[in-house]
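As written, the chains take the letters A, B, C, D and E, and residue 1 is the first residue of each chain.
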Amino acid sequence: MNLTQVLFWLLSAVAVFSAIMVITRKNPVFSVLYLIITFFAISGHYILMNAQFLAIVNIIVYAGAIMVLFLFVLMLMNLNKESEPQKNKYMLWSGAIAGGMLMLVMIHALQTDVPEKINSIGAGDIGLIKNLGLTLFRDYVVPFELSSILFLSAMVGAVIIGKKE
Amino acid sequence: MTNFLHYAWLIPSLPLLGFLINGLLRNKLSKTVSGGIGSAVILASFLLSLYFFVQVKNGNTYTAHYFDFISVGQFSIPFAFQIDQLSSLFLLIITGVGFLIHVYSTAYMHHETAPHFARYFAYLNLFVFSMLLLVMGANYVVMFMGWEGVGLCSYLLIGYWFKNNDYNNAAKKAFVMNRIGDLGFLVAVFWMMQVFGTVDYAGVFKQLPGSIPTSAIVGITLCLFVGAMGKSAQIPLYTWLPDAMAGPTPVSALIHAATMVTAGIYMIARSNVLYALAPTTMTVVALVGLATALLAATIALRQNDIKKVLAYSTVSQLGYMFLGLGVGAFTGAVFHVMTHAFFKALLFLGAGSVIHAMHHEQDMRHYGGLKKYLPITHFTMLIGCLAIAGIPPLSGFFSKDEILIHAFAANPLYYVAGIAGALMTAFYMFRLYTMTFLGSHRGHNHDEKPHESPLAMTVPLMVLAALAVGAGFLGIPELFAHQAHLLQSFLHPIFEKGESIMASYSHHQHPSHNVEWALLAGSVGLIVIVIFFAIRKFSKFTISTGQPSKFAQLLEGKWYVDELYDAVIVKPLLRFGGFLNTVIEKSGIDKAVNGIGKFVQYSSRQMRLLQSGNVGNYVLIMVVALIIIIRIILYN
Amino acid sequence: MNLVVLAGILGVVMMFTGLLVKQLRVVSGIAAAGLCVLFISNLWELYHAPFFTLPESSMLATTRFGLLINQILLLAGILYVVLFGRHIQVVGKHVADYYALIFFVYAGIGISTSYTNLLMLFLGIEIMSIPLYILTGSDKRNLKSNEAALKYFLMGSFSTGIMLMGIALIYGATGSFNVASMNTQLSFNLIVGILLLLISMSFKVSAAPFHFWTPDVYDGAPTAFTAFMATIVKVAAFAAFIHLFEGSFEMLNRKWQLLIAIIIACTLLVGNITAVFQQSVKRMLAYSSIAQAGFMMFALFAFNDASREGIVLYGAAYCLATLGLFAVLIKMEDYTFDGFNGLAKSQPLLAGVSTVFLLSLAGIPLTLGFFSKYYMVSAALSTGGKYLWLFVLAMLCAAISVYYYFRVIQAMYFKPLGGVPGTSTSLTTSTTRAFNYTLLVMALLVILLGLQPQLLLQFLYF
Amino acid sequence: MPIHYYIYQACVLFSIGVAGVLTRRNAIIIFMCIELMLNSVNLLLVAFSKLHYARAVAAGAAPTTGTEAQLFVFFIMVVAAAEVSVGLAIIVMMYRNVHNVDINFLNRLKH
Amino acid sequence: MLLSLLILIPLLAGLAAFFAGNQAKALALGGSLLTAAVMGYLLSMPAQSAALEFSASWLGSIRANFTLGLDGLGKVTTLLTAVAFPIIFLSIWPNNYRDAHQFYGLMLLTMAGLMGVFLATDALLFYFFWELALIPTYFLCSKWGGERRIAVSFKFFIYTFVGSLMMLIGIIYLYYKTPDQSFSWKSMTQAVLTAKEQAFFFWFFFVAFAIKMPIFPFHTWQPDAYEQSPTATTMVLSGIMVKMGLFGVVRWLLPLFPDMSTKMAPIVIVLCIVGMLYASLIAMRQSNIKRLVAYSSIAHIGLICAALFAQNELAFNGALIQLFSHGVNIIGLWIVIDLIEQQTGITKMDDLGGLAQKAPTMAVLLVVIALANIALPLTNAFVGEFLMFNGLFKYQPWYAVAAGISIILAAVYTLGMIQKVFYGTSQNALVVKDVKPGVAVALVALVVMILAFGIYPKPMLQFSGHHIDSLTSMLVK
């Protein structure tokens, strides 16, 4: 077991564990924090796969911006305590079972493919900013521009919805 | 003028014309005019018929083909008239008696308002038209047209006084019972079309005897006979005829005694070739006829309504005719049709005269002693009674005798039963006669004396009486004089084939002259005794309040056949209809259909509960569906 | 391509309009004018080169089919603005922004009908969806609107997640995001990926059992925007759906046909049967849109030229009729069936055109609705009679649909005015002449195309 | 690492996200679970990107293979950011009206 | 071109009537008379005349064309339509309907649809008109009908709609099996189907037609619809619209599925006969005159359908004649019923009675029509029923006998109806006037037709003769 593998397993364990914690914590603030941990773990994976750009973006955008926004909203609403009212046992169990089933089915469906190895750290430079940036502004300029429409609409939406009248 | 016989269409057209005039202009014509038109067209028809009869007598028979009524592929049913011995004879009877009755009616119906008076004559003319169609048709389909037509007119005339629902019911009953018979007739026609490929008389008989299987012929003849049963009021379809007396009395005389009810006899006589080839059917016909004759006679013994007595007597006499047909005495049956037309029309008209005089009182128990008030009626009625009772030399004697002798030849038991019927006939006819004319008057109001009817009514009576007396001489049996049976020789061309076929298989021994003499004398003697007994018994008749015997009640109740039909057929059928209507239709099929709609609504109510408003549920269902879909697709 | 670019620009223009122009009618007018511009530019593209040439790698490629769908939806959009302009103005303050969002949606539509790459599909769908979340919640003080927006948003994002999972798996199997790449050797990865994609698209077009958001969202959203998303967006989603599997479905063959058949059957049953018991016409129309989606799914079932014709016709028929009905509905004081009582007496024109639209939705001949259903079923039947039960079911469901559509007709024509004493059916706002004429033109169009659908279909080929 | 490890892990995270959506009632947490699902997809895409890169390298072809997946992830993040802004705005709006973020608290739209 | 006038005139007149206000009545009568005139002109043309066919392209891409043809079969039914509508309009002349312009407009549209159904020789066009005839009727029933009109007409609509949709599936399916992928009648008859497919789609088509006719047990919409519809609409429904089903059987079902028609004939015929007896027995128990006539119609139609499936020359001829005769007769009955209902508002027979005294002319005319209804010789129905029974007898004697029982029952309920309504003592409270001249013209026209075709049915037989020859030769391969 080399370092990469150790890191892989470690990161995976952290990611899964904190993901479970996200959905089981009663206090939403804890959920947010655990989710941030998950994101960090995933970023770790990105680094393992030599996708540094995404790893950085993930931490900055997701863990940094988005999750903070979540946290901010939670604080704003003063929801930092256990806020979920009486739980519906039926929904709880059926939800858990359905999620488990989905996992089993998907894993089962996808396992039969021939296992192929992918290179880890250092292999390939496609994940570096330079490469991605070039491709993005050469081949992906149209979607890039179009995503501005998305942002515009989200902006307009935030204004429409969020503005107090 | 190639052949005047081609103008045979004139004969039915004249009454049709009368019908149209009287029918369409009934609000405008005065009674005199409409009665006059009604009678005149029949007279004209009669004269034409007479001319045709003479032509036929001279040997000119003719089939007049006018147009194709229905022509489909190979099938063609022409609208054609056949003028031959049989039809010309019937033409005479129908138009002759018809004319007399029209004349009679002008007086009898005179109290009706003008439109209704015209309506009456319109119906009567229409009836004559239909009857002529029936006898003149050259094929079974044209006959069927007339056949249903007379049924219709009978319906219309029975229900002539439509305000009375009993009358309407009687009319409906007559029509429906006729329809049952008509179905048999129709089936026979279809069968013939299939077997013979044609329904022309000539076309059918030409193929006989031939390769046609007997079973088919038996079937056809039986079906035809069902038709005859309906129209000629035989067991089991006879109950309509007594009820039909609800119509005006001249109608009873014309339709329900002289003409329409004999259509069945005409039809069988016409189809004699077919029947001759079906001995089974012949036996059935004879037995049904005999049974009807006896049954009706027993009922007539205890009826008090003068018209009912005559009605049952008619049924009984029709039975005789069928007996005659059944034993192969075609001529005899036709002969009896003719004589019966005269004396029964006479009796009905006489009864009508009495009823007229008694202000529409029909119960004989309230008659009595009318001899002195109604001399002409009395006298003619007496002739009629004697004729029907079979007293020589009146016409009834000859015709009935001819049937009975043939019956004796076929089976002596038929004869015995026939004589029993004849004795009963004599009894109830003279019971009627005595209760009406003899003894003391038992009428309700003695202030207004009954008076003799006007000439328009009495003249037809007298003419008919003369005919009832004289008609018998057309058919003098071999016993009295050789070759004196004019009718037989006249009708010979018609029955020749049938009779020869019958002769080929039946070994009936015609009784010897001695036996015949003995039988004649015995029967006449018995009849005379019965007549005197009846006169004695009923000349002192008073309305008794005592309970009649059980048997008498049974007879008075007409063997309760109507009630039986009601209980066995009518009521269950109606109840079944009700069952279908309420149970099968409303709560069965319709409920099932509506149930589909209800089910959709119900499932809608249930299904919308899925839409719980709960996002968790929604997503859960989506996920479950997702899992299932992946499962199915991957591992199927 | 004109549509995508110009719609984006016009969206920005609308945003500025909101700042510069205060008269709401002018804003609506500008929006309508903008849509007309889009309409004309798209029409131009149908016959000539586009104004904007995008690079090869742009992952967008227009097809006649896509352009025709755009054309229909743009026409519907113009009608929409004319009919609903006044109602958009009363939803909230940000009228210009609503229009901007609508233009952004059109940009998304433009992408959805011409993408060649799953990335573009994803972007297109998102650009269509996000404005809709906002529009749904635009009636901010209305709790129903809030609830609808939240539900729509959560479930929409969830389905986005599923879609992305599908795309990822497809990429894993094929190494490419090209739509055409799906048409390769099947592997389990690919199958699951395609399935997930299919399911998420089914969600977007509200096919059962992924339809649950539809009734609640349509019911809760401001009616003016419900009309928009129930018609224009829905048809666009269908176009995207069809476009997605156009090249690849054939090889997915029989097994998938069964799957589609089951989805169709569920959709038809759920949509039609549940609609039967509804009391609110608005909600009934929501279920009806599910039911209609069931019929549109036949295009997927068949996948041939006829099905493309069918989608074009169906899109047109469905848009025209549903838009018209919503336009009438929005004028009503009471959205229940009883609210329509006696409309024929008080507003014969509205009742008449509504009848035409309802008949069209029910698929009665002489209306475009008949031919749209006809083409769908015909296309599906041309693949053989193997799934005969499905067609019988479809027909029975069409019969059921008559039930709830005709309830409106019954209310309008055969019931006396004002079912409840004291309240007489009256419109909340009076109708303008333009409104009436627009409806009339739509109704006539429905009938005209119902007599001769080739007037529309010929654009597919010439 | 074998590629299916990543696949499994992505599946597990995805399923946990789904389970979270199913079991939780707090709108914000549900939204977070959806973000978790997106992230699992991102992980998977990056893994596949590397896989195809490896394949391409093995086949001696275009060394940029796999870039598109990483860009896709980038776009997913972009979209997610946009969604978050809208979604949180919606949740805040709801909270303003009813002072609750329980998705079942508002239950006017059903049947 | 002339042929399309048969559809266009009522169509345009109908659309015009919506805007004609008070003139709608006259417009309707005029339009229908004009159509009848065109019809008369067309009938005078020789059988092979080019004017009797019309074709225009419609949906080129799927080979559905606007093709019309007037052959023997069509002549009977179109003539019925062309003749019946003026008579109906004449007979309802005195009636005052709410929103009369709409009423007449819808009636004319129905007429256009019916004409189209009888003329179309393209399957899709046929279906088109099939529905076009249905929609206006729905509105007519729902708006101007009786108390339960909404529910009843709705049931009627959905019921028939389900049937026609089944037929639509069949049409589309067959279309794909035709050699040249076209909807024309000729290609449809050449469609190649396996035995299983034939069996399936035979029933698909049959159900559509059976519901329209209606055949037991698909009939339950009918008595309700007849009872609740405005009588003028009922005339159309019962007089002409039911012929759509029968027409469909002859024009489409039999030629499209010749083998299956022969194979399934016993089932269908037994259904028909059971229905005849069933309906007759129920008719005996009806107290509402409209329902009685409705059930009587089921019985009569059942016979026609049975005859069609007996598939021999006699039966076909009879059935075609009866298509016309039944229309004439039942419209006559409804006219009289309408007269009574308009004046008294009563349809329960027990509450009527004795009308013969108050309205003797009406009584006479009704009696004639009623007698035609029970197929008395020398009325038009006799010819048809005679041939049909004959054909049925040829097919299987017992069927004819069993079916024949219904003619006895027909006499029972028809005479019962006459008796209860016209005979007996009159209810003095009822105010019934005798027929007015306009209505009298309509009724007399019907009576004349009844008698004319009863006495001399040859022209009618000749219309259909040629068509039947080709039909029989087609079926008896």
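FYI, contacts are C-beta pairs under 8 Å (C-beta built on N, C-alpha and C of every residue); 3 or more make two chains touch, one makes a residue touch a chain.
If you're wondering where the values come from, they're calculated on a predicted model, not measured in any experiment.
Colleague: Mind listing the chains that sit against subunit B and also against subunit C?
Modeller: A chain counts here if it touches both subunit B and subunit C, which gives A, D, E.
Colleague: Suppose subunit E were not there; which sets of chains would still be joined by touching?
Modeller: one piece
Colleague: Per-chain C-alpha centres versus the global one: which chain is nearest?
Modeller: E
Colleague: Suppose chain centres are the mean of their C-alpha atoms. Which chain sits farthest from subunit B?
Modeller: The most distant chain relative to subunit B turns out to be A.
Colleague: Which chain has its C-alpha centroid farthest away from the centroid of subunit E?
Modeller: A
Colleague: Decide which interface, B-E or C-E, involves more C-beta pairs in contact, and give its chain pair.
Modeller: Pair with the higher count of C-beta contacts: B-E.
Colleague: If you average the Cα atoms of subunit A and of subunit B to get two centres, how far apart are those centres in Å?
Modeller: About 103 Å separates the centre of subunit A from that of subunit B.
Colleague: Take the average of all CA coordinates in subunit B, do the same for subunit D, and state the distance between these two points in whole angstrom.
Modeller: For subunit B versus subunit D, the centre distance works out to 97 Å.
Colleague: Per the centroid of Cα atoms for each chain, what is the distance between subunit C and subunit D, given in Å?
Modeller: 27
Colleague: Report the inter-chain centroid distance for subunit A and subunit C in whole angstrom, where each centroid is the mean of the CA atoms.
Modeller: Whole-Å distance between the two chain centres: 32.
Colleague: Going by the contact rule already set, what residues in subunit B reach two or more other chains?
Modeller: 597, 608, 611, 613, 615-617, 619-620, 623, 626, 630, 634
Colleague: For subunit E, write out the residues touching at least two other chains, lowest number first.
Modeller: 158
Colleague: Spell out, as numbers or ranges, the residues of subunit C touching 2 or more other chains.
Modeller: 119, 123, 126, 130, 133-134, 137, 140-141, 149-151, 154, 158, 169, 188, 191-192, 215-216, 403
Colleague: Of all possible chain pairs, which ones touch?
Modeller: A-B, A-C, A-D, B-C, B-D, B-E, C-D, C-E
Colleague: Across the complex, what residues on subunit C touch subunit A?
Modeller: That would be residues 4, 8, 11-12, 15, 54-55, 57-60, 92-94, 97-98, 100-101, 104, 107-108, 111, 119-120, 123, 126-127, 130-131, 133-134, 137-138, 140-141, 149, 169, 187-189, 191-192 of subunit C.
Colleague: State the interface residues of subunit E toward subunit B in the complex, per the touch definition above.
Modeller: 155, 158-159, 217, 219-221, 278, 281-286, 313-314, 317, 354, 356-357, 360, 364, 371, 376-378, 382-383, 386-387, 389-390, 393-394, 397, 400-401, 404-405, 407-408, 411-412, 415-416, 419, 422-426, 456-458, 461, 465
Colleague: State the interface residues of subunit A toward subunit D in the complex, per the touch definition above.
Modeller: Contact set of subunit A toward subunit D: 4-5, 8, 12, 15-16, 19-20, 22-23, 28, 31-32, 35, 38-39, 42, 45-46, 49-51, 53-54, 57-58, 61-62, 65-66, 69-70, 73-74, 76-77, 79, 83-85, 87-88, 91-92, 94-96, 98-100, 102-103, 106-107, 110-111, 113, 115-120, 123-124, 126-127, 131-132, 135-136, 140, 143, 147, 150-151, 153-155, 157-158, 161-162, 164.
Colleague: Would you tell me which residues of subunit A are touching subunit C in their complex?
Modeller: It comes out as residues 106, 109-110, 112-113, 138-143, 146-150, 152-154, 156-157, 159-161, 165.
Colleague: If you look only at subunit C, which of its residues touch subunit B in the complex?
Modeller: Touch list, subunit C to subunit B: 150-151, 154-155, 158-159, 162, 188, 191-192, 195-196, 199, 203, 209-210, 212-213, 215-216, 255-256, 259, 270, 273-278, 400, 403.
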